[in-house]
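Chain lettering (A, B, C, D, E and F) follows the sequence in which the chains are written, and residue indices restart at 1 in each chain.
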Amino acid sequence: MTFLIPMPSSDTAAANRLDAFDAYRERMNERILQQGTHRGTKRFFNLDTTAYHDGALSGDTKELLGLVASMVLRCNDCIDYHLLQCVKAGYTDAELEDAMNVALVVGGSIVIPHLRHAVETLDLARAREESTE
Amino acid sequence: MTFLIPMPSSDTAAANRLDAFDAYRERMNERILQQGTHRGTKRFFNLDTTAYHDGALSGDTKELLGLVASMVLRCNDCIDYHLLQCVKAGYTDAELEDAMNVALVVGGSIVIPHLRHAVETLDLARAREESTE
Amino acid sequence: MTFLIPMPSSDTAAANRLDAFDAYRERMNERILQQGTHRGTKRFFNLDTTAYHDGALSGDTKELLGLVASMVLRCNDCIDYHLLQCVKAGYTDAELEDAMNVALVVGGSIVIPHLRHAVETLDLARAREESTE
Amino acid sequence: MTFLIPMPSSDTAAANRLDAFDAYRERMNERILQQGTHRGTKRFFNLDTTAYHDGALSGDTKELLGLVASMVLRCNDCIDYHLLQCVKAGYTDAELEDAMNVALVVGGSIVIPHLRHAVETLDLARAREESTE
Amino acid sequence: MTFLIPMPSSDTAAANRLDAFDAYRERMNERILQQGTHRGTKRFFNLDTTAYHDGALSGDTKELLGLVASMVLRCNDCIDYHLLQCVKAGYTDAELEDAMNVALVVGGSIVIPHLRHAVETLDLARAREESTE
Amino acid sequence: MTFLIPMPSSDTAAANRLDAFDAYRERMNERILQQGTHRGTKRFFNLDTTAYHDGALSGDTKELLGLVASMVLRCNDCIDYHLLQCVKAGYTDAELEDAMNVALVVGGSIVIPHLRHAVETLDLARAREESTE
């Protein structure tokens, strides 16, 4: 039902997609977690955050697991979140493409639209990195 | 592939998301059901409507079932539809949050983007209720 | 890959399916939760149990939500667990069939094999109830 | 939780898997549809049957659609049912393999266990055909 | 998280949705497949294309299989792609509605938002056909 | 539809589950890949194997990705395959539990029956390792 808008060509507009995502995510998480929220939901959010902390496996490895899980389950918001964490963790493009290839083979061609989205997000993230330097 | 637009801050714009959803849904359902439509599809729509009528369980209880089913299957349009029905049925925010917590625990963190969407829809629905009074 | 074995006709054998399920479930949960288990996993199991306790909604209502979520996600073990809880909660067959009908309409014909399984589980549970009385 | 049993080597035992499936399916469908069943569920079963009757597309073409839908949704019982219908409809092995290849590419390697199951079912169905001649 | 925009009423705007989809898809596929891409991913894209070429089944039949697989897996971009291929292949509206009805019955009411999307795409594709003539 | 059999208590019987899985998998893969198989399917199997070879990421890391993808997609046969590969790769129980915890949090309680299965497989694999030494 969403109306498809051609991607903006300028880098500014492009970076805005990531910034809009960050802002919306933060705003809604605050809305969900503040003011007398359901205790179970609050604890779930905690558990979710903790799952990616260093443990028997490094947090960085687990972000990669989160990325692949998000791709095969085909959730763009989850892909964006874990991809941005993976970029922060210092993975190279080649490493991320190798992980995304596993997701593509496991999940099949139905994953392709999400691969397009992920590659676009990666490009935007790299551009944002450069413009911040 | 959809371009993410930051949520409008004004209540007017916010209410528009629900109104746009209602209008699109109604227009396309009419398009699907009018003019010599596939008979099986027409009967399916009927069956779908009837499933939420009072039966051995009340219609209100079944709207709650529809909401949780929509959340674990991660369909925003379905979530919006059942959530608006639940608001009409008179469920409190606390009750809806308790139901959504079941969906979160059953479906996992992949449900979180849809929980954000649902909470936003709920806020918009409450705002629309107030502005209509 | 599992080999399909025709259902036993005797009530004794039938009841064994439920007993075997209970025993396996209990044994593996103990295995997972004992002896230095992953702390996050332990907390998840806790969260899962708590989600069905009385809250803004009654625990019984939430078992019904769990049943429908399990059916549309097509997990027989989850269906069996929540169905047995629903039987304990005192739901009638008509009420459970009404809930399962919502799951069928939301999830489509792909749910039918799980509906067969659920109805069989329900019959076994009723037979076990009677034989215990 | 099911215990994996190595496939029987004899043709007799093999054919039993199909016969057991047919018998169970028929028995449970009767159980579901008889004796005061939920009216919506009864109508859903009707709608499901009718969907594969000749219409704008032939029933045979729609059985092929049902097979591919069952494979990408990864439901062995649904695969078996539609595969047996496709065999009755006269599709060759090459045609069925071509359809299953579409399912494999769309659904990815997660479909492979179901492809194994489907190929085994097809072999059993061909063997049963021959033994009946 | 996407913001829902009411569908444009003019045919020009409407056709733009399809054109924007085509342009985005082509641009991102080029981005993915050019310049030292992951070899496995490149081969997957090839395999995906080849799956819909004439084989034991005609390419046209397999596009119909792709459409139904995309609907039950609920992927709008995949639906649009296969639907446009089906229109090119010369299927009538009645035939496509018959295929989509199978997807609806197999996948359930959770497919309905994607059916709305598909019917809209079909209408836009027919309008684009006419305006090109 | 499968009949649930209580797990055998002896180590011998237990190891048989893994051996039966290996044997069935090998036999069916040979059946699928030999004798004039669909060329696309053959190439898909190749692509699938290659995806877990050393690349920008190590093969071992990608087996872990495969395990988590299999768990969130809830496929026991896929879980068993990747878990056995992970055991061969030398991962400790703590590392595998940490990866499985990510799958549990992403995929929710619906993953729990597959976690039970995975933990059982891991125990059987460790027992088989010891008995071979």
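What we mean here is this: a residue touches a chain if its C-beta (ideal position, glycine included) is under 8 Å from a C-beta of that chain, and two chains touch if they have at least 3 such contacts.
Because the structure is predicted, anything quoted here is derived from the model rather than measured.
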Chain separated most widely from chain C, comparing mean CA positions: E
Pair sharing more residue contacts (C-beta pairs) when C-F is set against E-F: C-F
Chain centre separation (chain D, chain E; CA means) in Å: 27
Centre-of-Cα separation between chain F and chain B, whole angstrom: 38
Approximate Å spacing (C-alpha centroids) for the pair chain C, chain D: 25
Chain B residues counted as touching two or more neighbouring chains: 1-7, 21, 24-25, 38, 40, 44, 47-48, 51, 55, 69-70, 72-73, 77-78, 94, 97-98, 101, 104-107, 109-110, 113, 116
Complex interface listing, chain D residues touching chain E: 47-48, 51-52, 55-57, 61-62, 64-66, 68-70, 72-73, 78, 92, 94-95, 97-99, 101-103, 105-107
Chain D residues within the chain C interface of the complex: 1-8, 16-17, 20-21, 23-25, 27-29, 31-32, 37-38, 40-41, 44-45, 48, 69-70, 73, 75, 77-78, 113, 116-117
Chain F partner contacts - residues on chain B that touch it in the complex: 72, 104-111
Touch list for chain D against partner chain F, complex: 1-7, 21, 24-25, 74, 77, 94, 97-98, 100-101, 104-105, 109-110, 112-113, 115-116, 119-120, 123
Interface residues, chain A side, partner chain C - complex: 38, 40, 43-44, 47, 50-51, 55
